[in-house]
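After this come two complexes, each holding subunit A, first together with subunit B and then together with subunit C.
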Partner chain A sequence: MLYSIFLICSINKESIIDVEGFVRTVDQKIESCSQHDVELHCEQVWVVSSAAPRLPLLIEDAVRPETDDALATVNQDTRLDNRILDLRTTTNQAIYRIEAGVCKYFRDYLMEKDFIEIHVPKIISAASEGGANVFTVSYFKDKAYLAQSPQLYKQMAITADFDRVFTIGQVFRAEDSNTHRHLTEFVGLDLEMAFKFHYHEVIEVIGDMFVHIFKNLRDNLQEEIETVGRQYKSEPFKFLEPSLVLTYKEGVRLLRDNGVDMGDEDDLSTPAEKLLGRLIKQKYDTDFFILDKFPLAVRPFYTMPDPTDKKWSNSYDMFMRGEEILSGAQRVHCPDLLSERAKEKGVDLEHIKSYIDSFRYGAPPHAGGGIGMERVTMLFLGLDNIRKTSMFPRDPKRLTP
Partner chain B sequence: MLYSIFLICSINKESIIDVEGFVRTVDQKIESCSQHDVELHCEQVWVVSSAAPRLPLLIEDAVRPETDDALATVNQDTRLDNRILDLRTTTNQAIYRIEAGVCKYFRDYLMEKDFIEIHVPKIISAASEGGANVFTVSYFKDKAYLAQSPQLYKQMAITADFDRVFTIGQVFRAEDSNTHRHLTEFVGLDLEMAFKFHYHEVIEVIGDMFVHIFKNLRDNLQEEIETVGRQYKSEPFKFLEPSLVLTYKEGVRLLRDNGVDMGDEDDLSTPAEKLLGRLIKQKYDTDFFILDKFPLAVRPFYTMPDPTDKKWSNSYDMFMRGEEILSGAQRVHCPDLLSERAKEKGVDLEHIKSYIDSFRYGAPPHAGGGIGMERVTMLFLGLDNIRKTSMFPRDPKRLTP
Partner chain C sequence: MNDLKSLATYLNVPVAKLSLDQKEKILVWKEKDGKTLRGLISIAKYLSRNSSHHKQFSGESIEERAAIDQWLEYRLNNIDRAQQEKDTNAFIKDINTYLEDKVYFVGHQLSLADFLLYYGLHNLFRDLTFYEKQKYMHLSRWFDNVQHAENVRQTQTLIPFQKNILYTGSAH
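Let's turn to the complex of A and B:
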């Protein structure tokens, strides 16, 4: 529809228009627009697509810092219920460009290091980790499950001689957790590699990969990071090169020195993780670190025990701003040891027979890990909720849009 | 375990060994190995991981051309049941490197053209295309579905101002089809873009993208393509630059001229598609072509009708070796027309209310399409079964490994 100049103010907000006119330079700098030196003299305006007259939320409210008490802001459910409007804010436009960057730099680094991208099934015949927290699917006349992790398939690709693999795809967790950092469906950035002498080769690759991601985000998406910071204030993300690696024991010592009462082999609670992040930030000035050699007791049966002391294991977690964003380990690649460890952990050998059997035809020592894409984006930007970095989030209470 | 030189022949095939020794040049070229000019003088051999003494299949059988009648080959189910051994063939090592290339060149081209990578949910609250052929998931106390296509979410990203998006992810189809080209779970390479003047801008981008993929596979993965060709013979894949675009009408005329009895607006049967592929190869010497302007009657309700003649639509399919690998269209972006088209097609408006509502706040004209990754790899290489290009395929009868 062609509009006369006098009717333009009647066009609904958020409509899409075509404009025919002339761009003219101006004598006086225009302060109220993002273009300071030119203005557009319209001759004709067409409405390509008209928005409904009443919008469920206003973009200017949705982009306002939550600390700005005097003016309206938009709560999270209203945002998510009207996600296509909410996503139009400059903040969200920036967040999802940064998230695309996380994936790009993850892949770029790994492909440069001879990793091969693979794709693995999400519908599986047996619940991967014992059956808890798994979604059930009707599969023709059978029952199937949604994969909680691509781990078995990454490992099979390694035993199938692919040497170094990564895969990006949905991960499903039927956990009834309504926290700031849990989703029932998220994007896993997973990698697995055979190593030559020691699993620390893998820690080094993953640590360097994170540095590659952080540096490229910082250098190539600076404007987007600043845009997000205007709505959601946070300290710039700090990291060291090479990455800081501490042992679990060192981490626990640091916590104990600061008043936390815990034993050497106790698992880290979420508050303890948070505190450890703050202590390490104070001491080493980094928001990213790696914790190596977790107690064997707190890790799954497929984790390789430390060959010199079975109290410990060849496993590691990685943290951003005191929250875990990667959990990984050297995996047991010997079927006999795997059966033994499963028995010790009380895992039913019948349920994991095919997993164990997949190591019977020659399997190289290997290690890997899985990263939550949304968590990396959230924590890099210092955001407070994972729903801000999942375009269409899924949690126990939200299945739409 | 350290082995003496005399016991090496007792090491089981497919075991993984470490060798310590010296590389020495030789006077006479060695014909029986891939290294012709040097040989390895072992001093010590360790078995890192021992394979079971009996293998369910032999790699030399698994890599043999199926035309070689005199010697053993391995049938598909045995291969898939023992996938980690089967994947060790040079052929499979090559196939999955080529498939990784398909994804890489798809992304590279689109990112170069300012497309943004997005991730969209696979668990959805309503069956996307009316409820047929959809897998059901138990979602806590509710019922949910596995997405048959990311289309709605790509379109929402477009209406949310992202302008050009792509997404790579699992697509689920509960079709009980046991054919050479159907899987219940496959990887979709999907894209969607707003255009300025005409949906042919989108056809051009997608056509150029395929040329980019084909050229890079041909030039950068030549050795892998030859390796696959040694086991599975086929003609090299041919394509034109720019891509050949024919109208549906022209396609039907070509078929009619060659004895096929069909009306202007009849849908193409699979055999007709195959024949059309052969006729176009003869006439234009290309294995890739685009068929534009399908009859409106054979396309879904969300397809934009041709504005000049409602018999036709702004929609297209793309073909490789006579098989469809992309289906796409300009989408209806106006909620009133969308409701009208749904009614004409007998679609229940209640079920698609949220789909229609997503266009109520300003939506630019846009078009896109979805590509089956495994099909592209299969047809580029001239393979006869999609199970050869899915690392761990899923069909109505196979859920393992």
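Let's turn to the complex of A and C:
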């Protein structure tokens, strides 16, 4: 149907329309549109798909920054319940393009470094990390689990002579945490690499990979970053090249100098991590840093201990804006040492028999790590909640849409 | 009680018997000759005026002495009696604004007011985050100054302060 001018105004908001007309230049810049210097003079307007007259939320409310007190904004639950409308905002269109960029630059960099992309099972027979936080599924007459991480399979690919692998896939954690940075299902960007002499070769690759991601986001997606910044203000993300690496001991000393009471082998609490992030930002002017040589006591059983001092381990964490985004380490590749470490940590050897066996036919020394795609995007943009960077988030209270 | 013991040490006055009257919840100072004093402020002023080394400590002029009295009362009424967080937040903001252009609470040197306010606020400061310490910058500056003054801190823990700005936007 062809509509007259009067009827065009009555087309419901958010309907899909076809417009035929002339593009003409304008004298005055049009601020309220993405194209500032041209106008569309309509000759014909057709309604392709009409939207319902009453929308559960208005896009202009959803894109408004929270600070405008008088005008309406949309709260998180309403947004998530009506996600397809919420995702139409310019801010969300920008956020998910940036998230796509994180994946793209992750992939590009690793492929350039001779990594190959693999895909590993998510339905597994035994809980990989720990028994507590795992989802069970019924598997015909048996029970199976949803993978908490691709750890096992990454390593098996290494022992299968693939040398350098990465995988991008869902990770399932049945953690009943209702925080700003936890989801029950998220996308993990995991990598694993056999090294020649020292696990620091792997830290260097991962550090350079992050620099590559940050640089490309900053250079190629600047417009999107600014769009997000209009609704969610934050400081631009700063990083050093090459990435800053500090030892765990140095981190603890920095914290102790600022009044934090902790032992040499204590794990970092979340407030301590955040404070460390601030102190390092102040001292080195970087939002991204790596902490190397964690105490062995706080790492899982498959972490390689430091050969010179059993108190420490060849493991590392990486932080963005004071929050952990990667936990990695050199893995134990000798079956006997692995069994010993498992026993020391109280892990039942029967459950991990096939894992230990995978190292019995020649396994190179290797190390790796995994990052959460949503968390990296969230912290790069300085957002305050991970649900902002997950298209259809899953948490203990949300299963739809 | 700790405050008065430390005050006595600072002023080089021998510590007499110090106890807490459970019924009236008030401090009692009993000297060897039987002289008793009751209440934090009375005892503090007695000690301060009796020590010969520190005449400036109790206030040089009448105005200063009056101001010190006012601050001792403030300590008792506002700080010691603060029950909830909103009470604490109220007086912290007040004191912070007051200290914006002052090195010490009264006059140009450490006085009894600074001493007892330091002891009164120590517990609070122990639990403040760096973000809060930055927010109440003048109060933090005063606190750091007093805790480093000679013989003031004694057995209290040293509270760390950051002289650099750590938080530009939010506490996140």
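By definition in this document, the second predicted complex is superposed on the first by the 387 of 401 C-alpha atoms of A that agree within 3 Å, B and C clash if a C-alpha of one lies under 4 Å from a C-alpha of the other, contacts with A are read in each partner's own complex, and residues count from 1 in each chain.
Criterion: a contact is a pair of C-beta atoms (placed from the backbone, for glycine too) under 8 Å apart; a residue touches a chain by one contact, two chains touch by 3 or more.
Computed from a predicted structure; not experimentally measured.
If you stack the two complexes on chain A, which partner ends up touching A:8: first (subunit B), second (subunit C), both, or neither?
A:8: touches no partner chain.
Under the stated touch criterion, which partner chain does A:362 make contact with: subunit B (first), subunit C (second), both, or neither?
It touches subunit B, and subunit C stays clear.
Considering only touches as defined above, state whether A:48 meets subunit B (first), subunit C (second), both or neither.
After superposing on A, A:48 lies in contact with subunit B but is clear of subunit C.
Quick one: classify A:142 as touching subunit B (first), subunit C (second), both or neither.
first
Please tell me which partner, subunit B or subunit C, touches more residues of subunit A.
Looking at subunit A, the partner in contact with more of its residues is B.
Please name which positions on subunit C make contact with subunit A in the complex.
129-130, 159-160, 162, 164-169, 172
Report the residues of subunit B in contact with subunit A in the complex, numbered from low to high.
It is residues 14-16, 48-52, 55, 83-88, 92-93, 96-97, 99-100, 103-104, 111, 116-125, 135-140, 142, 144, 146, 153, 156-157, 159-162, 168-170, 172, 174, 176, 184-185, 187, 333-334, 354, 358-365, 373, 390-392, 394, 396, 399-401 of subunit B that touch subunit A.
Give every residue of subunit A touching subunit C within the complex, in rising order.
For this pair, the touching residues of subunit A are 233-235, 257-259, 271, 274-275, 278-279, 281-282, 321, 384.
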